[in-house]
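Each of the next two complexes has chain A plus one other chain: chain B in the first, chain C in the second.
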Partner chain A sequence: MLELLAQTALNATYAASYIALVAVGLVLIFGVMGVVNFAHGELYMLGAYAVVALYADAGFPFFLAAAVGLIFVGIVGIGMERTLFRPLRDNPLGGLVASIGFLLILQSLASVWFGVRMEHIPPSTQQILRFSDSVSLPVQRLYVIVGAVILLTALWLFLKRSRFGWALRASAQDPEAAALQGISINQTARIAMFIGAGLAGVAGALTAPLVRTFPYMGHSVIVTAFIVIIVGGVGSLEGAVLAAVIYAFVHTFVTTFFDGVIADIVGLSLMLLVLIVKPTGMFGTADRA
Partner chain B sequence: MQPDPLSSESALLQIVGASVNYNKVSAVRNLNMKIPHGGIVTIIGANGAGKTTTLRAISGLSKLSGGEIRFDGGRIDNLNPEQVVARGIAHVPEGRRVFPDMTVEENLRTGAFLRRDQEAIESDLSAVFGRFPRLEERRSQLAKTMSGGEQQMLAIGRALMAKPRLLLLDEPSMGLAPVIVEEMGRIVVEISREGVPVVLVEQNAELALGLADYAYVLETGNLVLEGPAKELHENDHVRRAYLGL
Partner chain C sequence: MISKLLSGMVSRRRLLGTAASVAGAGALGSLLPVRAFAADKVVKIGFLAPLTGEVAAWGKPGLDGCQIWAEWVNAAGGLTIGGEAHQVEFVAYDNEYDPGKARAGATKLIKEDGVKFIMMLGGDTWPGVQKVAEREGMLFSTLLPSDLSPDSSTLLAPAEVHPIYNVTGVEWLAENKPDLKTAVMCAQDDALGLPSVATYLAAFEAAGIEMLDDPLLFDPATTDFAPVVTKLLAKNPAIVSLDTCYSDYVHPICEQLFQQGYKGQIISCTADFYEKIVEKTSKEFMEGFIFQFPDFDDPALNGEQINFQRPNEFYAEYNKRHPGEWGAVSWEYASIMDLWKAGAEKAGSVEPDAVLAAMKDGGSGKHAFGDASWWGEDLFGIDNALVGDWPVVVIENGKAVIKGFKSIPAWYDKHGKLLVKHMEALDQMHYQRG
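Entry: the complex of A and B
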């Protein structure tokens, strides 16, 4: 029993890692630009395809492919900012609608380029860390955990220590007051979009050998991310990380001990409970960011 | 060639025939103002007179629908707020607008966002802490946990961190206890004596006319009176409408 608990905790940690990467990006984009990016799941999907194309098909090293996934999807994010969200800056609903349109475009492009079949790619490592007979962690999953810890720590340091990190936080807390300090909202929006999209992309890239890659894979990811950021508080990065951990543990444990459908129901109930008890989320304030 | 009436050397900031509309509704009309290279100029007026709109137009937050604004000889009315800041205009907005989830020190340093002169930034930070000892005591406290008066000090300190050549203050006395208002007044005078010209927007006309050298009176978007602050303080209309005398 203890071993099953330990194994389930490891599985949950893996799930929490990629969910946190996706959710934190979504929160960052919402915080700085006030836009709900519905295409976020498709950015995750693009990152996964970067690994399918570069690592599985073209034979480049896995980590190189994942890094390209991060940067490429980050650049797609910059493009979205410039062409979709900037012209609609004073119209958050318009930004949301535009992101839904973009989501459909990305799905269609992926279907055309890669086909709609599910891609199963070979793992980049067969190694497994064995803690006991029935407790183990595939190194491929460890990569996701370590990647998430490194990237989220780097993001935290960037936001707390660097000049542009402060600018990002200032823009998120009060865009107009930030402009009065000489902070360009175009610039902070571009940085937020690069980081937010890049984190979704790298989450898809790192998990690609562990899941099935297909054009519609973003759906379930974004639904989970939405639940997580509502639980954590829409404007809070720390809240998103903590809520990702809580959600992943609850969901993984319920899946293991009951089943996946019940786990989904419990996850949604968790969200409803938070909305009833504290509508702004565990860490949220009424403001964005 | 005709001499250009706008290139008058005497003013640091000049507003010429400026109008601002919000969604077609006019907020200020045909405004003319001159802000000299030193001292305190106040803009007084009742709620909705257009005082905030005037400051927002200067700092590029609101676009003009007509007229122009010149700073130091160059037009600034077509610039973004961040470009106006770069020219040397710092704006303490109505309601303080400190960054709530950043610490006092982070707020202050954000005021120096465009500066790269690291050593001068450090000494300016010490100077702000010298002027506002409360801020130094609370340097690692989140801005949202500060009192109204402290937040106003923080907003002014943040603006000073930009090393401005012109300081715009929008109702710094709003919502503050009388002692704090008095202290605020002393600080504004001190800042202007140290060489930073100040535009002070106030509803508290008694306070503003006491501090300022020159005053403009706005009523529903129109400039109705202007003159040396002492003279306006004795003006019948001003006494009746704004000083309650």
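Entry: the complex of A and C
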């Protein structure tokens, strides 16, 4: 039983890692720009396809492909900010509708370029850390956990210690006051989109050899990310990380001890419970919620 | 830009050359038998299946196989109806495995394209089409006989009796590895997974194999299968059954089984692109993996009882055109066309009611894997499934090998009550489905 609990905890830690990367990016974009980016799951998908193109097809090293995935998807995010979200900044629903349209475009492009079938991406390493006969952690999964810890720590330091980070936080708290202090709203939006999209991209890139990589893979990820940011508090980065951990552990343990369908029901029930007890989420404030 | 492209593609010399070829072909045509060039009569066949989306792997390869079938049949003179040759043309509609899109597609294929027969994957999409089929009297085929019911007299399951043939794999396993006595199972929670769960439960019970836990159902949107596999392995089973998981699930589940140290027997309905699983795990891990769909280069398919035309050549041609894309359904829709063609030629008509009567005439038909009978009254309320022998396939040294053909009706005669019991327990009998 102890071994089963240990293996389940390792599974949950991996799930929490990539969910946190995606959810934090989504929160950052919403916090700074006030846009609900429905195409965030497709940015995750783009990151995975960067690994397909560069690592599986072209033979570049896996970590190089993942880094390119981060930067490439970040640049796509900047493009979205400039062409979709900025022109619609004064339209409360404009960004949301535009992101839905953009996700369909990204899905279609991926289908045309790569086909609709699941990609078969070889793992970058076959090494497995074996703690006992029935407790193990493939090193490929460890990469995701370590990657998430490094990137989220770096983001935290960037937001707390750098001038750009202060500017981002100021824009998220009160865009008008931030603008009056000389902070460029366009620039902070650009940075937020680059980081938010890049985090989704690198999550897709790091998990690509471990999950089903296909053009519609973003759907389930975005649903999970929305549950997480609602539980954590819309606009709260700390809340997103904590909620990702809670959701991943609850979902993984319920799947293991009951089944996957019940786990989905429990996950959604968790969200409903939070909405009833604390509608702003664990760390959310009433302003953005 | 467009003019540049066109100028690059169509040079004056190429245009003249093409015109000369067309003129030459016309002149040559007058010298050849009329039969080979009677292309003025065309029979259109509808292909209504998922060509994109998560279930595309069970639609698109079938269409690719049908194109080869049509080219071969048309090159051989086409379909002979009442002494006249007809060319066969497929009209495809991507239903994206969505019932609403399937209904729109069926209506379009019948009303606008004038097709005479529509092939489907079935499953979740059939309820969307059922009313159209009843109203129009159109002949449909499905790969999933769980769609069959007495309300749908024009729906046939002529290629595969999914999931009933899965009993043959379990029967073979019990005969050849009798020491394996415990099993666990997982499946996606949908119209494809549940009847298959009932079938494996019946087959395991018939074989004296104990289920260590209830079947683990997972959401079809699942992306991380580590928790699923951890739960499966918690009971230390001798056999892991992957039920009729889509190939997109079979791959990550097998990887997880490998990574979490499983060394026992795996049995599955399908193992599409199994060579990729071997690459991501190992030959040793996949050795002995049992499933139900052979590669058609298997020498066992050259036996006299096999009705599929030139299986080895078909496989070679398919792989030449679509390298690495051979899957469970690559041959199935084409084999349905063999049966439909025989029925149409026998009826002397391509009209749906006439072809249906001719196909079912005498209660038997030439299934791809041997002569078979129209069957299904007990399970589906109607004898519209063509049932006979089915191959058991085992991976040996990284390659799928047919280990034998086993009779589905023979198993059903002995254990049919078990199957009905488990189908009823999961609300999968035709009178229980909504």
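Convention: the second predicted complex is superposed on the first by the 288 of 289 C-alpha atoms of A that agree within 3 Å, B and C clash if a C-alpha of one lies under 4 Å from a C-alpha of the other, contacts with A are read in each partner's own complex, and residues count from 1 in each chain.
Definition applied: a residue touches a chain if its C-beta (ideal position, glycine included) is under 8 Å from a C-beta of that chain, and two chains touch if they have at least 3 such contacts.
Being a predicted model, the structure only gives us computed values, none of them experimental.
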item: Touched partner set for A:A23, first chain B, second chain C, both or neither; value: neither
item: Contacts of A:V221 with chain B and chain C, given as first, second, both or neither; value: second
item: Partner chain(s) touched by A:E176 [first = chain B, second = chain C, both, neither]; value: first
item: A:W166 touches, of chain B and chain C: first, second, both or neither?; value: first
item: Partner touching more residues of chain A, whether chain B or chain C; value: C
item: First (chain B), second (chain C), both or neither touched by A:V116; value: second
item: Contacts of A:S184 with chain B and chain C, given as first, second, both or neither; value: first
item: Chain B versus chain C as contact partner of A:M80, first or second or both or neither; value: neither
item: Chain C-contacting residues of chain A that also contact chain B; value: none
item: For the chain A and chain C complex, residues of the former touching the latter; value: 4, 7-8, 11-12, 14-15, 111, 116-118, 120, 122-123, 128, 130, 133-134, 136, 138, 141, 210-212, 214, 216-217, 219-221, 223, 251-252, 255-257, 259-261, 263-264
item: Sites on chain A touched by chain B in the complex; value: 163, 166-167, 169-170, 173-174, 176-184, 285, 287, 289
item: Residues of chain C that touch chain A when the two form their complex; value: 51-54, 56-57, 60, 189, 216-219, 221-224, 226-228, 230-231, 233-234, 247-249, 251-252, 259-261, 273, 276, 279-280, 325
item: List of chain B residues in touch with chain A within their complex; value: 59-61, 80-82, 85-86, 90-91, 93, 97-102, 106, 109-111, 113-114, 158, 162
